[in-house]
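One chain, chain A, links the two complexes that follow: it is found with chain B in the first and with chain C in the second.
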Partner chain A sequence: MIPAAFDYTRATSVEEALGILASDEGAKLIAGGQSLLPLMKLRLAQPARLVDIGRLPELRGVSKLDDGRLSVGALTTYAELMDSPAVHLAVIRDVVPAIADVQVRNRGTIGGAVAHADPAADLPAALLALDAELVIQSSSGTRSVKADGFFQGPFATGLAHDEILAAVILPAPRGDAGSAYASIQQRASGYPIAGVAAVVFVGAGGLVEGAGIGVTGVSDHPYRAHEVEDALVGTTGTADAVAAAAALVVGDREVSADIHAGREYRAAMAVVHARRAIEAALARAR
Partner chain B sequence: MAELHIALEVNGEQREADVEPRTLLVSMLREDLELTGTHVGCDTSQCGACTVLVDGHAVKSCTMLAVQAEHTAVTTIEGLGQPGSLHPLQQAFWDKHGLQCGFCTPGMIMAAADLMAHNPEPTDTEIRHAIAGNICRCTGYHNIVAAVREAASVMREGAAAPATNA
Partner chain C sequence: MTTMTTDVLGAPVRRVEDPRFITGHGRYLDDIKLPAMTHMAILRSPYAHAKIRSIDTSAAKAAPGVVAVFTGADIAYNPLPMAWPAGGASGIQNNVNTPRALATDDVKWTGEGVAAVVAETAAQAQDALELIDVDWEPLPAVTDAEKAIADGAPQLHENAPNNRVFDWQVGDKEATDAAFANAAVTVHQRLVNHRLIPNPMEVRGDIGWYNPGTDEYTIWMSSQTPHIQRLLLAAFVMGVPEQKIRCISPDVGGAFGSKIFCYADMALVLHASKAIGGRPVKWVEERRESYGSTIHGRDHITYVDVAATKDGMVKGLRVKTLANLGGRLSTIGPGIPTTLYGRILSGPYKIPAVHCEVTGVYTNTTFVDAYRGAGRPEATYVVERAMDLVADELGIDPAEVRRRNFLPPDSFPYDNPSGLLTAVNGSKLYIDSGNYEPAMDKALAMAGYADIAAKKAEAKSRGKLLGVGLSTYIEVCGVAPSKWIGAVGEGWGAAMWESSNIKVHLTGKVVVTMGTQPQGQGHETTYAQIISHELGIPMEDIVVQHSDTQGTPFGYGSYGSRTSNVGTGAALKAAAKIREKARRYAAHMLEANVEDIEVEGAEYRVKGSPDKKKTIQEIAFALDLAFDTPEGMEPYLDETAYHDTPNCTFPFGTHVAFVEIDQETGNVELVRYVAVDDVGKKINPMIVDGQLHGGIAQGIGQALWEEAVYGDDGQLLSGSLLDYALPRAEWLPSFELDETVTPSPVNPLGVKGVGEAGCIASTAAVANAVIDALSPLGIRHLDMPFTAQKVWGAIQAASGGSGSAKGGEA
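Coming up: the complex of A and B.
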């Protein structure tokens, strides 16, 4: 299969890429190409111009900010993420190996995963649970938004056509934190039928003082389940408390159905994996 | 569409090609450079038959543009070993019956080569995870895992004692 013809520009700076996006409606960014190229080969996407940002050093690498948080460049591949200080976050250690295969993890970037916003992408669940921040650049400047609220629908985000996702900011690891990711995969593709990431902060006496719950695969976009977080905080994370909180993971959201899983099954799996993720996170925090 | 002239290293040699931007790396390797050892199985990023190393990392060459490989170093199955002087992985796939029809084999071996480069002593589980992106319709994977395990052990011995020219 051969993509439709397009013009190709390898950007030499973020400014150049932003300039092309601003002046050309038909231009599309390509990073690792692991989502875009399969779509172009099927001609489900036919951009008139590809702007290759794959070699921009400004968008690469993982660095520690003054406040201890990690700034992860958008071009960081999954494989590079696993070789970076981000592996100190247990949920990152859990989620990355659950994504695709070695070859795709060698090319696929975290920026591409976030910008593409597949309703069943694994990484967004972890970013939502971690309360990650997204750094977005355009010709008019740089802005930061929370991952919470960024994913708006299937393949739809808060990113405008003329913007580039530059980096993802991850929180500094904390001694009182525990985190985990649990998912049930569709065997052939590896995408989750339901995936839940949990981050918990446990204080004296085992009291849950804070929580972040990110959910993917379940509805038409990855979301943060504040209901579960609220139910968990203030408890001591007993089995009953965890089960009661996990039961709220779907709420009144519209649950997706496809040939791999109907609504009822997918919703049930979301609850099971919410419970597993929270329990694993609590065990790591204690 | 205008063709672009690109240069890259393939199996240790400087190569050049004129490609359309939409030319996939696998098409350039097979059609322009006539390196047909790299196979196209699914053409939909699923099967791994097209796996090659780009700057040492296994990638699916049906899911990369040739222009994205400009100025990189690509290794295909032809670059691993030659008839008469097979790479330990190629020899082990032969010895351990790691192939039947052979269609998946180049991709399997390149995925295994990526594994060996950073994990010289892989467990069977690690081997299975390393080839999770490669589909084999014949062998049931058992002998592929055995072949990779064998090659790893041969390569460790080779690293310990400098190889004689066998």
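Coming up: the complex of A and C.
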């Protein structure tokens, strides 16, 4: 558990960090270190240089935008997120306690979780369901992308080497919305075997007018299950309608398998937890 | 002034060692930093089975900070000893192969050490490890005991055809066959008691130091048995005279049996220190590394047959077990599935005929040895599952089946049919005492067992399957009388007594030095309670020492729940010697006859003249200054005693587990746990509860979550805590504990021991509960651990679904 030797720079500004990334192929950002350090200690990652962005105040904190949305700085820890207005989103209240333990939640950052893109990370499911936006900075400027499409493969995202994830934009809470996260955990790691986040908007007469379904743990990257959303919208969210929609959660995606959960079991758990998450979200919306 | 001290024996006194442990002032192996100390890292085999064609260490030798690099060829030491072969009357053949300090020609499991780097820093040692080039010739591997003894299996050792270590048997085969021939009902089941990884919080490590000035070796080791290690390293491995080696165990952060043994790294750090001219060499295993460098536990495949009458009286028990012992043998590997398993298979029951065959098997896996309970959880699992299978077959309540088969309270001392008797010297072991029904009745009452049908219906209304499981276990504590365990023929060629030295200093303060070796159990508290009680000296005036072969009398260490039976006996004897000498000196001081001195607590009084008295502190003062000592009396209150227990002690009890199963996910939740344990008299009930809580949690861990999983190629797939699931406090309900008290006639205080009871009992209770919960689906047996996937698969299969319980078909 001793990392290979590396150089270390503590960035004093985002610009400085971006500059190092642009000029040094071997440089890697470190925020809370909760994912990167274990990999380095196992020597599975051997970055030549760490660029520590952990103390950049401009990347920290949760603020309300003019349109009511929340901008969550990338360095915001899970613990800080739970202390912010983001807790008005039920799915955030559900998902954060399901992640790791108190110590990790005190150090692990939202930006780190998103940028690391573990195929079984919990938070991405919620961000996908919430239709969150990601604010990305590089020396050449700032761009925004949807969470949907950002996660591309195991530990692979739409972030380029010279980019920093600056913030995550969460939607404003809505009166007609309900949301929830349901998962079954692999007992050793605590990561989900299957985790599903659901956001629903329920209109007059109980009609489901919109839905967001985010799925993690099931395949090689977290994904948004549009098939389930489409099947749900326009129904009144009866048990049958929910079950029928949830059954579509895996589709023809390649399901992961390991000693804890084979393909068949993992796929079945995705369906069960899709149904549970949707039912809980509907109950909260009603 | 009164000198009476509060009697602390039996009181829930707070542990004196806890302040240092919980404020970070414990001093564990890795806290020790010696001048000029170097650091060692060990290169471990990536293959489960391979020949070593050659090893090129030249690049590593040239790496920054490297002091030396060793391979097996550099080290002349003998292979590690195997001290407890499977033994018995007929002279069992054990095909012994043990590890070397570093493997020389071939490796037998992933993680076996093949080269070592000593460097200025731990990081440099680690870096240099990556520069060692081994030319491997991979060989086919086998990890499953049943496959390993089959025709055509890869062969591990030339002297062990078909990978058999030994074939051992115990009990009366003819009588057992007759019981089956005449049986009204028989049940049969294959049971897997899967492999576990001990995972103490502190991993193992050693610091070796060779002193060129004196030609002496000192080794600090995270060990349960420093005295035994000195003996083994000196006499068997290094060929160094015993007086030239000193072993020191600092604070030990848990062990669960895994630190009893003589390990390759111990010899390696001593060799290395000498080879580099006497600088100390530290090695501390990493967590992942430890999965291949420290023993695993359990790993039995068992076929059990039970013969019973129509009313559930068990008449015969036939058990055939394959014990997977890993790629080479650990120090007492073969002793565990034989002596500590086969001989106690009948548990608390009166089963007239028992026969057990055990085959020890080599496989390409980490070596297997004693892990908390060591043989007894495996035996308990077999007989407790057997009781439930009989109950199920006959439609009789499992509690009732147990009640009918219990040994009645007038059976003791009881000579059990699976052969606690050792044929050599006619020395026998008996189950010393027991009264099983009251403990079970109390547990059933606490659990509300009579209302179980209503509880199941209520759970069903919530969509859950509720199950209740019993385990009515016995533990064998205090391994063991030397005459038994040490008898030639049983295998273990050693004695098993314990030692204690007590010194009462001039100031009245006491140092107690024990041969036992704590790993977190609170010995410094419990021994002080006993000595305080015996000598009337306040606990805070007593310090308990242990763990250093220099300055402590020889002791066999702590494992097998032996401290409170065997160690306590030694402490009591030493205290009695102190009291006797103090009494003789009091007579001198008080000018009275010794016979007229009566002792109460710290006071030594002349009978009939209560004012004429001396305290033990006054006596110690005068006897230490010694200017007025009677003819023939030596100065100083300093006494040593050795104690060999006449018999083991046998705690027992009933544990009741309640589980609820989510049918959609297969997730098992332990919702309630009731335990009534009879550990005899208690020295400190709080410590007893702590041992029970930890043990129960550990046994639950085996039943529900923990499992060492190997791929067919011998890679350990559960190779870190990301994949090996230890129990967590949040997954456990608050345990409901109670007791019955049947003092042991064997121990002078009536105590029995409690170190392993919890995990001996709880695994079977939880297993029986899970299977009870699944029984409405027609499921009669399922092997542990009951992971969500496995239970879901069983539910799917039982309800005609397509679910398979298999994982990892990637």
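Following the convention adopted for this analysis, the second predicted complex is superposed on the first by the 286 of 286 C-alpha atoms of A that agree within 3 Å, B and C clash if a C-alpha of one lies under 4 Å from a C-alpha of the other, contacts with A are read in each partner's own complex, and residues count from 1 in each chain.
One rule holds for everything that comes next: a contact is a pair of C-beta atoms (placed from the backbone, for glycine too) under 8 Å apart; a residue touches a chain by one contact, two chains touch by 3 or more.
Predicted model, so just to flag it, every value in this text is computed and none were measured.
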Original post:
After superposition on the shared chain, which partner residues are touched by A:R187: those of chain B (first), chain C (second), both, or neither?
Top reply: second
Original post:
For A:E25, is the partner it touches chain B (first), chain C (second), both, or none of the two (neither)?
Top reply: neither
Subject >> First (chain B), second (chain C), both or neither touched by A:H260 >> reply: second
**OP:** May I ask you to decide whether A:A268 touches chain B, chain C, both, or neither, giving the answer as first, second, both or neither?
**Re:** second
Original post:
Can A:G33 be said to touch chain B (first), chain C (second), both, or neither?
Top reply: first
**OP:** Go through the superposed model and pick first if A:F6 touches only chain B, second if only chain C, both, or neither.
**Re:** first
Subject >> chain B versus chain C, judged by how many residues of chain A each one touches >> reply: B
Original post:
Following superposition on chain A, which residues of chain A contact chain B and also contact chain C?
Top reply: 1-2, 4-5, 42, 188
Original post:
Taking the complex as given, what residues does chain A use to touch chain C?
Top reply: 1-2, 4-5, 42, 184, 186-189, 193, 256-265, 268-269, 272
Subject >> Of all residues in chain B, those that touch chain A in their complex >> reply: 1, 4, 20-22, 24, 27, 43-46, 48, 51, 57-60, 62-65, 67-68, 70, 111, 114-115, 129-130, 132-134
Original post:
Where on chain A is chain B touching in the complex?
Top reply: 1-8, 10, 30, 33-34, 37-38, 40-42, 50, 52, 54, 79, 97, 100-104, 106-107, 188
Subject >> For the chain C and chain A complex, residues of the former touching the latter >> reply: 122-123, 126-127, 286-288, 664-665, 667, 705, 709, 717-718, 721-726, 787-789, 792-793, 802-804, 806-810
